[in-house]
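Let me begin by presenting the structure, written as structure tokens, before commenting on it.
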Amino acid sequence: MKDDGGLRVSGMRVRYGDLTAVDGVSFTIGKGEILGLVGESGSGKSSVGRALAGLVPYEGDVTGAGPTQMVFQDPYGSLNPRLRIGDAVAEGLGRGGTRAVRKAEGLRLLGLVGLDEGVAGRYPRELSGGQRQRVALARALGARPSLLIADEITSALDVSVQGAVLNLVRELRGRLGLSVLFVSHDLAVVRYVCDAVAVMREGRIVESGTVEHVTEHPGHEYTKALLDAVPRLR
Amino acid sequence: MSRGRRAGRFVLSLGGVVVASFAMLHLIPGDPVRAALGPTAPREAVERRRAELGLDRPLLDQFLAYVGGVFRGDLGESFLSRRPAAEIVADRLPATVQLVVATMLLALAVAVPLGMWVAARTENGRGRRTDLAFTTTTGALSVIPEFLLAVGMVAVLGVTLGWLPVAGKDGAASFVMPVLALAAGPTALLARLVRVETLRELGSDYVRLARAKRLPTHRVYFRHLLPNTLTATLTTGGLLLCSLLGGSVVIEYVFQWPGLGGATVDAIVNKDYALAQAAVLVYGTVSLTVLLAVDVALGLLDPRSALRSRG
Amino acid sequence: MRTLSARVGLALVAVTLVLAVVGPWVWGEEAVRFDPLHTLEGHSSAHWLGTDDGGRDMLARTLAATRLSVWLAFLATLIGACLGVTLGALPSVLGPRGARAVTAVINGLVAIPVLLLAMFAALVAGTGTTGAVVGIGVASAPGLARLTRTLAAGVEGADYVLAARMLGTGRLRVLTRHVLPNIAEPLILSVTASLGYALLGLATLSLLGLGVRPPEYDWGRLLHDALPRVYVDPEVIAGPALAVAVAGIGFTLVGESLARAAARAPVPPGDGEEADVPLGRSPRPGPSGALLEVRDLTVSFGGVTPVRGVSFGVAPGEVVGIVGESGSGKSLTALAVGGLVPYPGRVRGSVLLEGRPLLSLSRSELGTRLAMVFQDPMAALNPALRVGPQLAETGTVHLGLTRRSALARAVARLERTGVPGARARAHPHELSGGMRQRAVIAMGLMGDPRLIVADEPTTALDATVQRRVLDLLAEINAASGTAALLISHDIAVVSSRCSRVLVMYAGRIVEELPSDALRSARHPYTRALVASVPTLDTDRAEPLATIPGAQPAPSDVPAGCAFAPRCARATSLCTTALPAFESGVACHHPHEERPRAGEEEW
């Protein structure tokens, strides 16, 4: 992994009461890199994302995180049903600038995620799941994050629309030089989207490396089991 | 919730009740003794009474003395009759408890089967007529205040038809009207609750699977649904049962029931603050005990909460 | 119902409000006119409802008392709403610790019976009108506070609030911008309803002599004065009693029926027009001697038809997959095969199990020959019952076994599916997700099922667990020759486990093909679907294939081919004519068939 002032996490621990969800996790994400964090339920992968987003307290060192934003799994719960799309996106812009400037910026963001201007005046209920995830991305990008956390952002979507969101994540990374922590349970999706991957189990990272290396020459038994379990099209 | 936490919360709430009952006397604007003895009482009499009650001592002393008294079962002395408040409570409480327990049992016995039956009849929007009849009846019963029912029953069943005794507590017949009047509203609300919970459970996968197993209908209802419906109902219905205590005050007043409620009303009207204080303490403790009983019952009914309390 | 009760409520409220305005003007004087010659009278032509101890007309007093009664209720509600909503919103702006403390206080206060709280608050505030109003106001606050808290907590758990917090929005602004707008509606409605309760509560306090005092009078006070006379002249109490009932019930009904209307999602058309769905030509039913035969299966709910003429067969011992995205009708098809479509769903067409219509089979035959497995294993087991007895039921009910031998069979079946027999005594929540799904499968094996219908059996499970559960199903199939219908959104799962795949789109089967032929599918939808699934050998240099647009909802499936609007090959023919299902595909312009060795469809 590159070491160019990107994110460096070392010895991260997250505890909920007696339960240690994340138990000493270290990794780096270079600038403009997408790191996939894979694991099964209870592995602590989502807790890492939430800790980095500042939603749960953690112990350990995190340097170079910069402004961080997050996109959530459920496209139906991540937008306020009472706010128009334009207002929701503008929420990330802070309160500086005139109305007109913020409106223009909101439209630019919507354009960035491939939505047309007409969407700004609509309410979330009028949008499909895939469109809502694009809005959530646009809202997060408005805060000009250097790190984006994507927590299972396509697992609630149908296969035929999932691809469009995945393509968008890759495209945005290329265009904005964004670092992304891509949390997912799906190794095939992670392999497609990410540059590097870290495999988590029971709060620890059991293996990490470039996507090619980990998926083609897995070193850890658990990684092998995960790869083995991916159903294959005949 | 663990057993320890449940006990801890109970004790903490009891403490809250003790503090509240103590604070009540001191929150009253002006001088409670003056208010009780009336504006014409000579100042020396008021001072003497204040000293007797210990109201001239520092607040902390008073509080400690009060708490000590509560632990010894000494709830002070009625301002008016000068009888020990604890004695009055002991005289009056049994009649209230009998009334409230009889009402709770009736409410549960009617509401649970009724709610389940209506839920079964109206699952997924079928049985429109049953639905309409049920919601109208329970809706009306739940908004009519108990005192109106009581007064109406007294006027019709007691005075006009002369079927039932109109006042006092004397044998089984004297229970009929007070219990019915007190039970109507809570029964209606509880039956609605049972129905909602049953409908929710009916939509769950385990019921679908029980049906996929082609179990006979009665087995689906009694073995699979009932325990789950009961837990869900009691979780929210506990407070409802507790609220019966409030209604009992009015019912006791209307039927001149020799319970604590009537005594409390008299105490408040006559500014007998010591007795009112004792009433706060007793009603608070009884409410908390009812809630604790509901909690314990839930623990017994629901294996998940039993596991939690072991852990 | 809700319109009826709302209308009744509105009428009662209107009468009350009119009386509150005009009452004192019209009857005010008569209400206080002393008449020492006619005190404490019952009904007469001069005084319909009798007179009180001053000879004043009870009817006039009742009507004139409307204004004070309603006004006091309004004041009490205002106090209650201000206190309650503030208290309930407080945790939203405090830190986590403060929020917990306030919430605990609210929960404690709610436990106090309202009337008692009102009585003691009134005692502190000074008995009389002020005391009663403050008392009822204070007593109604905890309930509103808890409602506010519950609603606010629900909204605060939403991802959009987390997102707002991450964008640096302050707690107060989150409250005003995100929380309050989303809870305002139910809050306002319950404040309306609590106006009714305040009215009744005030009447109760006055009845007890703790409220309004002479010379002022409200309905409760009139009741208080008339109550001792009920034994002699019951009619004197009718006026104030009726007035309280009308006003109290009116406000409560309006508030509650509005709240219900607001809470209720738009009701699906119950008795709407049955949509006339062209059946088209469906796949040929399976070969005779098929274990399961489904013909022209249509499932509709009112005017909506999520399953539109589905036909297929499953041979004994065969594993058939149905694949489709959400809304394709695949799960309803599974329910229909199990005979479990809930009311008011209407099922047409036929489902034959071993050649006999499903409806003609007895409970015991169905309960032992057909097993169902659902998506969420936690929800599928009854949380209140131990696992063993849940399984054993099938034995005692359908197989005539004793409880003991049924339990022994249950333990054997659990072990057969890889659940240690000792776990029979566990409650479902003590098992892991995978174990629970095994237990559900074991439950299906209690009889001697010829067919297992598994609807998304592994979607809720982790990949490694999913694999083992699928292995189990395959092993049962191999060992006992139990056929299976495997329904999934995951085309890879279906293709790796089934010999034949049915692809569903918008309620129809659009293609039927051997699972090893998926990559050379002929229907454009199947092809696009296969291409859009990322696999471990997808080319990372290329953008992932996607399908533009979205599957139509069951309520607005277009005429013609439902996939046409998203299809690159569509012509005008596709938007008008429903393609017939011929030689395995329902498409006007299918891709060319790539011949496979040893397979010939026609």
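In order of appearance the chains are A, B and C, and numbering begins at 1 in each one.
Heads up, the rule we're going with is that contacts are C-beta pairs under 8 Å (C-beta built on N, C-alpha and C of every residue); 3 or more make two chains touch, one makes a residue touch a chain.
All values reported here derive from a predicted model rather than from experimental measurement.
*Asks:* Tell me the shape of the graph of touching chains, choosing from line, ring, star, complete and other.
*Replies:* If you draw each chain as a dot and join those that touch, you get an open line.
*Asks:* Just grab the chain with the largest centre-to-centre distance to chain B, centres being mean Cα coordinates.
*Replies:* It is A whose centre lies farthest from that of chain B.
*Asks:* Does A-C or B-C have more contacting C-beta pairs?
*Replies:* Result of the comparison of A-C and B-C: B-C.
*Asks:* Let me have the rounded angstrom distance from the C-alpha centre of chain A over to the C-alpha centre of chain B, please.
*Replies:* Centre separation, chain A to chain B: 52 Å.
*Asks:* Please work out the Cα centroid separation of chain B and chain C, and write it as a whole number of Å.
*Replies:* Distance between chain centres, rounded to whole Å: 31 Å.
*Asks:* Within their complex, state which residues of chain C touch chain B.
*Replies:* Going through chain C, the ones touching chain B are 1, 4-5, 108, 110-117, 119-120, 122-124, 126-127, 196, 200, 203-204, 207-210, 223, 227, 230-231, 234, 237, 241, 244-245, 248-249, 252-253, 256, 270, 338, 340, 342-344, 363-364, 366-367, 370-372, 374-376, 379-385, 393-394, 397-398, 427, 429-430, 440, 443.
*Asks:* For chain C, which residues are in contact with chain A within the complex?
*Replies:* Touching chain A: residues 158-160, 162-169, 177-178, 181-182, 325-326, 433, 462-467, 470, 489-493, 495-497, 515-516, 518-519, 528-530, 532-536, 538, 540, 543-547, 550-551 of chain C.
*Asks:* Please output the residues of chain A touching chain C within their complex, sorted ascending.
*Replies:* Within the complex, chain A contacts chain C at residues 40-41, 53-55, 68-70, 72-74, 77-83, 88, 91-92, 94, 128, 130, 136, 139-140, 142-143, 158-164, 166-167, 170, 185-189, 191-192, 211, 215, 225-234.
*Asks:* Report the residues of chain B in contact with chain C in the complex, numbered from low to high.
*Replies:* Result: residues 13, 16, 24, 27-29, 123-126, 131-132, 135-136, 139-140, 143-145, 147-148, 151-152, 154-156, 158-160, 166, 204-206, 208-216, 219, 223-224, 227-228, 231, 239, 242-247, 249-250, 253-254, 264-265, 268-269, 271, 273, 276, 280, 283-284, 287-288, 291, 301-304, 307 of chain B touch chain C.
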